[in-house]
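The same chain A turns up in both complexes below, where it pairs with chain B and then with chain C.
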Partner chain A sequence: MATSEATGRTGASRGPSRRRFLSGAAALGASAALAPLAAGRVRAQERKTLKLMSWEQFQPGEKDGWNAVLDKFNQSQSQYKVEWTGWPASQYASNVVIQAQAGGIDADILMAMPDLAAQTIRKFKFAEPLDPIVADLGITPSGGHAFLKQDGKLYGLSAIDVNFALVYNKALFEKAGVKPATSADEWVETTAKLTDRPNQFGIALTNTIADGGEWWFQLQNFCLPYDGKWAEGKTPLANSEATVKGLELWKRLYEAGVPQGTAQGAIMKLAADGRVAQAFGVNPTVVVLRATNPDIYPNLLSAAPPWASRRSLDRIHPLMALNTSKNVEGAMDFIKFAMQPDIMAELMETNLYVIPPYDLAAKSEKFKAFLADKPWVSGFNEAKQVSPIDVMGDFAYVDDQFGRIIMQNFQRALQPGGSVKAAMDAAQRQLEGLAARI
Partner chain B sequence: MSVAAPSARRRRRIAPVEILRVAAIVIVCAVVFFPVYWMLLSAIQPTEYSLSYPPPLVPKGFNWAAYAQLFADKPIGRWLVTSIFVALLVVAATLLLVIPAAYALSRLHWTGRSAFGLMLLFTQMMPAAVVVAPVLALYRAFGWTDNLVALALLHTAFVVPLCVWVLKSSFDAIPKEIVEAALIDGCNRLSVLPRIFLPLAKPGLVAVSVIAFFASWNEYLFASTLIVRNELYTASLGIATLMTQLDTPLFVLMAAGVVFSVMPVLFYMAIQRHVLRGLTAGSVKG
Partner chain C sequence: MQAATAMIGGEGDVRVRRGVLAGKALPYLLVLPVLVLEAVLILYPIVRGALFSLEGPAGGLDLDNYRFMLADPDFWRMLGHTLVYTLTVVVAILVVALGVALLMNWSFRGRGLVRSILTVPWAIPDVPVAITFVLMLDPTFGVFNRLAGLLPFIGEDRQWLLDPTLAMAAVIIVTVWKGFPFYALVLLAALQNVPDELYDAARVDGAGPLAQFRHVTLPGVRDTIALLAVLAFIFSTQQFTLIWLITGGGPVDATTTLAPAIYLQAFRFYNFGYAGAIAVIGFLVSALSTVAFVVVQRRIASEP
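Let's turn to the complex of A and B:
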């Protein structure tokens, strides 16, 4: 006691020493870092916390709409409270798979990309059937939900459904005196006309392996212009005539008007600045461009994929209740809440989602009015939807590995004098090796 | 005159080698520093210049909008504090484990010493990606996910083997005679460590601290697997949230890169003299 008093007096007379100051600062820093932990524990005691694993909390232009859904659910509930967990989209699937391989997914509700959803249902068997929700709400899920069914049960309901079409800048098209293409050859021609390097580019296509996820996301569509597939069951079809012709089309576009070697982020910035005339993208492309530059939004329109079949990939990102959760009932409650016509209509309006999980227009006048007021959705609606599972065969479970093999080989074909056929022959051999391992 | 002529000949003989040496240094420095320079440039000039062709190599105006957006939209201060907290824990834990281990490997004679040293090196040969799922399963079983102290423990586990070898080199360089004199003067095998080894191996300790700090500061894979609550994000995790689907705000990301780099760069500049001494300690022992 005497010692401490003596120390106290010394400290008071000289002021705080440097060591005491530093230790105080360190304690403050540590408490600041740990404070959220303590706060989290207090909240958890009040209601059961449901973890919604997703990437949407990071998405510009979309997170606000989803936060509103979570807030409404939390306000409507006395038993449960939903909180976000997860990672940004670029790291999402790999992290969820790591969790699944470690024995379970640390969440109650999972939002997943199509290939990840298929794995969760068929490989890991972590999903709970959602048929009771469908029956309670009296809804009929859209045809694209087929890949979410197994043994007659439905394991996921679409939270976000996106498909590919041609998104274009009306002002730049009018200035160049061209219209959206309706055939592959016309597409290359208009792209060239719309290009004035380095000031303006005819088309935005991701083209660097550093943005591999985004590149494969787009490139996966290019088996469709000539009615090909990437694989049938365990047989890869990378060097089939239809697939090679599709990739040759991509290469012609690349040469005609792509900002070559440019990162995806820079391409989107160029598009938002009005320096890219068109993109082959999903409907959230419009959302992102609007978030980056609201002035460009009135100029954006869409057209169907410029090939005869008009087929393009339709990617359903479902919400799933995880059977590994201790709160399966709560997870089902949340999904049911989010699927209610009013809630879903408001989410779709806020986030500019245009493909509903079921016939929402028949159940919500608000959504019907919203769609009627969106001239840029026509192209997306004209596209004929194909599931990634339909074109990937059994490789749907190793989609990222498949894509990497294609891109690594295809890169060689983009060099001067490079042959798409030779590159895809090499890819085919590697994919046959991959087939033996899956 | 007769002295100047050989000197001039020598200069002529050396000149091509010197030129090559300087050229090599310039090329390597350009390759290493250009991305960093481009990051700095893109983070401070208006975006239209960075996206123009040819890109300007000197700033054409200043625009701090990327920094403003970064600090307005993201809790980057909290991320940095969390990263510092974890990295300092890793430094403390590493020193605690490495000092006795390096001493035991350097100066104590026991059966299996060489095998143990080699085994430590073998642990460095396993890619982190291979063990990430088992580590997650283990941490889940202990209830250690979303726990910064547990994350620091894992970072420590991965950095300790390398640091043991670095510090062992420093301990090896301390002359045997000094240790023997200390033993004669009354020290025992244990007390000689704090009284003789630690004061003389300070550069080695600094080097170990730097290695541990940087390993933790930059680590992403385990952090992204074990920490999913946004409030507990380290800086490496937080910055990755800028890369979203369909769009990455490139210039905000560049600004974040600059902010993320400043602290370690300052830290490294302050102690680089000790680091070099520490890393080379023992290399000319004999």
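Let's turn to the complex of A and C:
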């Protein structure tokens, strides 16, 4: 031992040989090169995977924006990484409900449509309160979040928010010498003035059962012009005076200027071609029209719903942390990350989302500037937010079935000589039967 | 030595017995993979679907879904729509297919080309067919109303997919248009198997074209028509894509047959039990109708 120490010392005093120097340098170089890889492998092994269940990864105009959010989160994290799971929008809700009914949703974070969100919170009770995130970020969620609250706790934060307003073609309005209506009767008159079948139609309203999802999506608003509701608790109000008057307004518009029996896709094409003067639609309608025909974009503006209350449905698609997850904390971390003003502002700008989840304009100059550049947003901002859950009562969980009953019966009223009241009386009887089963 | 012989004989017996057993079991072993596959992919889903229909709200088995179904006027209406749609399609598709097969059986220049063109509808997938017909049936812009406008007794403002009667007619027309080439090709093959001597004999006996058709052609393809009728019935009962994409089961519920009804209940309304009950009835309707067709066909075949 002593000898070797002496030898070593002796060797050291003489300096390393050329071979020893080279082999030592190689070993140092190799360990330096491998160190980050090894550390990376350890870190990757340690990082827990969070599953984000959504349909957004399939949305052509939106997936890039969301992928950027995920990438940023994954780069910022040493504990978690987020991966997509889910299905395209058309199959999404049914697949999630099937999983939930089977006992659990195979994800840590869930993005949901409003009715699915309500079911997840109230029926399945799978959601974790997000109030700590709201407190940490110091944000004030928009009024449309009311349906995501239960017992004073907030269970979801808006990832995408779409609401209804009147989208109109400024050029066609100017040509006809009319302004956006502010009352129901004026709306019918304006629509008639803007109609010159088959060259031009006053308004785009979906009107076939084959496009049932889209039709109910719009028609659901028509309990609001006269301050009605579709249901209160388990009591359907399909034949209430306010609802019947609202549907009569829809029928008057249909007769005045709708492309009757035309498929939704064809109606959108007509609108993009500048042959439809107005639409009662959500903010992405503008994005779709712009994508179909960029030339029409400068002519598009929006106005508040043409009735006194200006109330229209606001469909918040929230992010929720699932309490069935083994990584609830990670799920909360991701939602908090996504809700940060800078991250959210960039997402909204990339994806052309214009309704922020909270007072974002006050917190992000970037978002404020983005909105200032969008004159077509004003009507959507003037609309008063009402969630579908607020007008559907306990039928929010059977929204599709409720809508199908309304649409099928309402179609009788659209036949020659059909009566809205008689059709809704028939719908009411069917809905009372449905109430007994929910 | 004896012991050794007995031993050898014993081994031989065992071998023979093994050989016999293997010979008897071999066919069963060969069909086993198919049986397992069918049990997993066909039998299990059918049984599971039937069990769904018997699942009560508390998890036990009961007949509530069936009781509800039998008392539900919507179900009877859907069953009625199914029968109207199915029977009309079966008759119409066989009539059109037989007519086309007779035409294609004639000898004329360009027959090969015509045969190829006539198979086009069958070759196009359901989705583009449905989308194209939706556009063609559009009341304002569709070609159907443009053509109808040329006829004085129809008028050009037919609301094809908004009027309950016209909508059913429209989906039947599309189904027949889409499906007839398959039936026509099978019938053409059957027509070509009818011996020419029978037509010669009929002509010698003074039979005209109609009489030849009635007494030679139809009996010659009767079995094929019966088989095709069974197939058309089964396919029509199960038709979903065309109906769903063209009308969505509407207007009102005029074109909601059993297949769209099952889809709606299961995947839109999440009533899996009720959907299972409707599916069981649909299965029984198809199975019983098939049996009835086969029985009738055998009776007709056994007639002198």
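The rule is short, and it goes like this: the second predicted complex is superposed on the first by the 387 of 438 C-alpha atoms of A that agree within 3 Å, B and C clash if a C-alpha of one lies under 4 Å from a C-alpha of the other, contacts with A are read in each partner's own complex, and residues count from 1 in each chain.
The working rule: a contact is a pair of C-beta atoms (placed from the backbone, for glycine too) under 8 Å apart; a residue touches a chain by one contact, two chains touch by 3 or more.
This is a predicted model, so every value here is computed, not measured.
Trainee: Under the superposition described at the top, does placing chain B and chain C together on chain A give a clash or a fit?
Mentor: clash
Trainee: Mind working out whether A:Asp400 is in touch with chain B, chain C, both or neither, as first, second, both or neither?
Mentor: Only chain C; A:Asp400 stays clear of chain B.
Trainee: Mind working out whether A:Thr285 is in touch with chain B, chain C, both or neither, as first, second, both or neither?
Mentor: After superposition on chain A, A:Thr285 lies in contact with chain B alone.
Trainee: Quick one: name whichever of chain B and chain C touches more residues of chain A.
Mentor: Touched residues of chain A are more numerous for B.
Trainee: After lining up the shared chain so the two structures overlap, which partner does A:Gln101 touch, if you call chain B first and chain C second: first, second, both or neither?
Mentor: both
Trainee: Considering only the touch criterion stated at the top, classify A:Thr208 as touching first (chain B), second (chain C), both, or neither.
Mentor: In the superposed model, A:Thr208 contacts chain C only, not chain B.
Trainee: Does chain B (first) or chain C (second) touch A:Ala436, or do both, or does neither?
Mentor: neither
Trainee: Touching A:Ala135 in the superposition: chain B (first), chain C (second), both, neither?
Mentor: After superposing on A, A:Ala135 lies clear of both chain B and chain C.
Trainee: May I ask you to decide whether A:Leu414 touches chain B, chain C, both, or neither, giving the answer as first, second, both or neither?
Mentor: A:Leu414 contacts chain C only, not chain B.
Trainee: Give the one stretch of chain C, out of 7-15, 151-159, 169-177 or 295-303, that collides with chain B after superposing.
Mentor: 169-177
Trainee: Overlap the chain B and chain C contact sets on chain A and report the shared residues.
Mentor: 98, 101, 197-198, 263, 266
Trainee: Enumerate the contact residues on chain A facing chain C in the complex.
Mentor: So the residues of chain A touching chain C come out as 94, 97-98, 101, 197-198, 208-212, 259-263, 266, 398, 400-401, 404, 407-409, 411-412, 414-415.
Trainee: Any idea which chain C residues touch chain A in the complex?
Mentor: 134-135, 138-141, 159-163, 244-253, 264, 267-270
Trainee: Can you list the chain B residues touching chain A in their complex?
Mentor: Chain B reaches chain A through residues 47-48, 51-53, 78, 81-82, 84-85, 88, 132-134, 136-137, 140, 145, 148, 224-225, 228-232, 240-251, 253.
Trainee: Touching residues of chain A toward chain B in the complex: what are they?
Mentor: Interface residues on the chain A side: 26, 29-30, 32-34, 36-37, 40, 53, 55, 57-60, 84-91, 95, 98-99, 101-104, 106, 197-198, 214, 263-266, 268-270, 273, 275, 281-282, 284-285, 288, 291-292.
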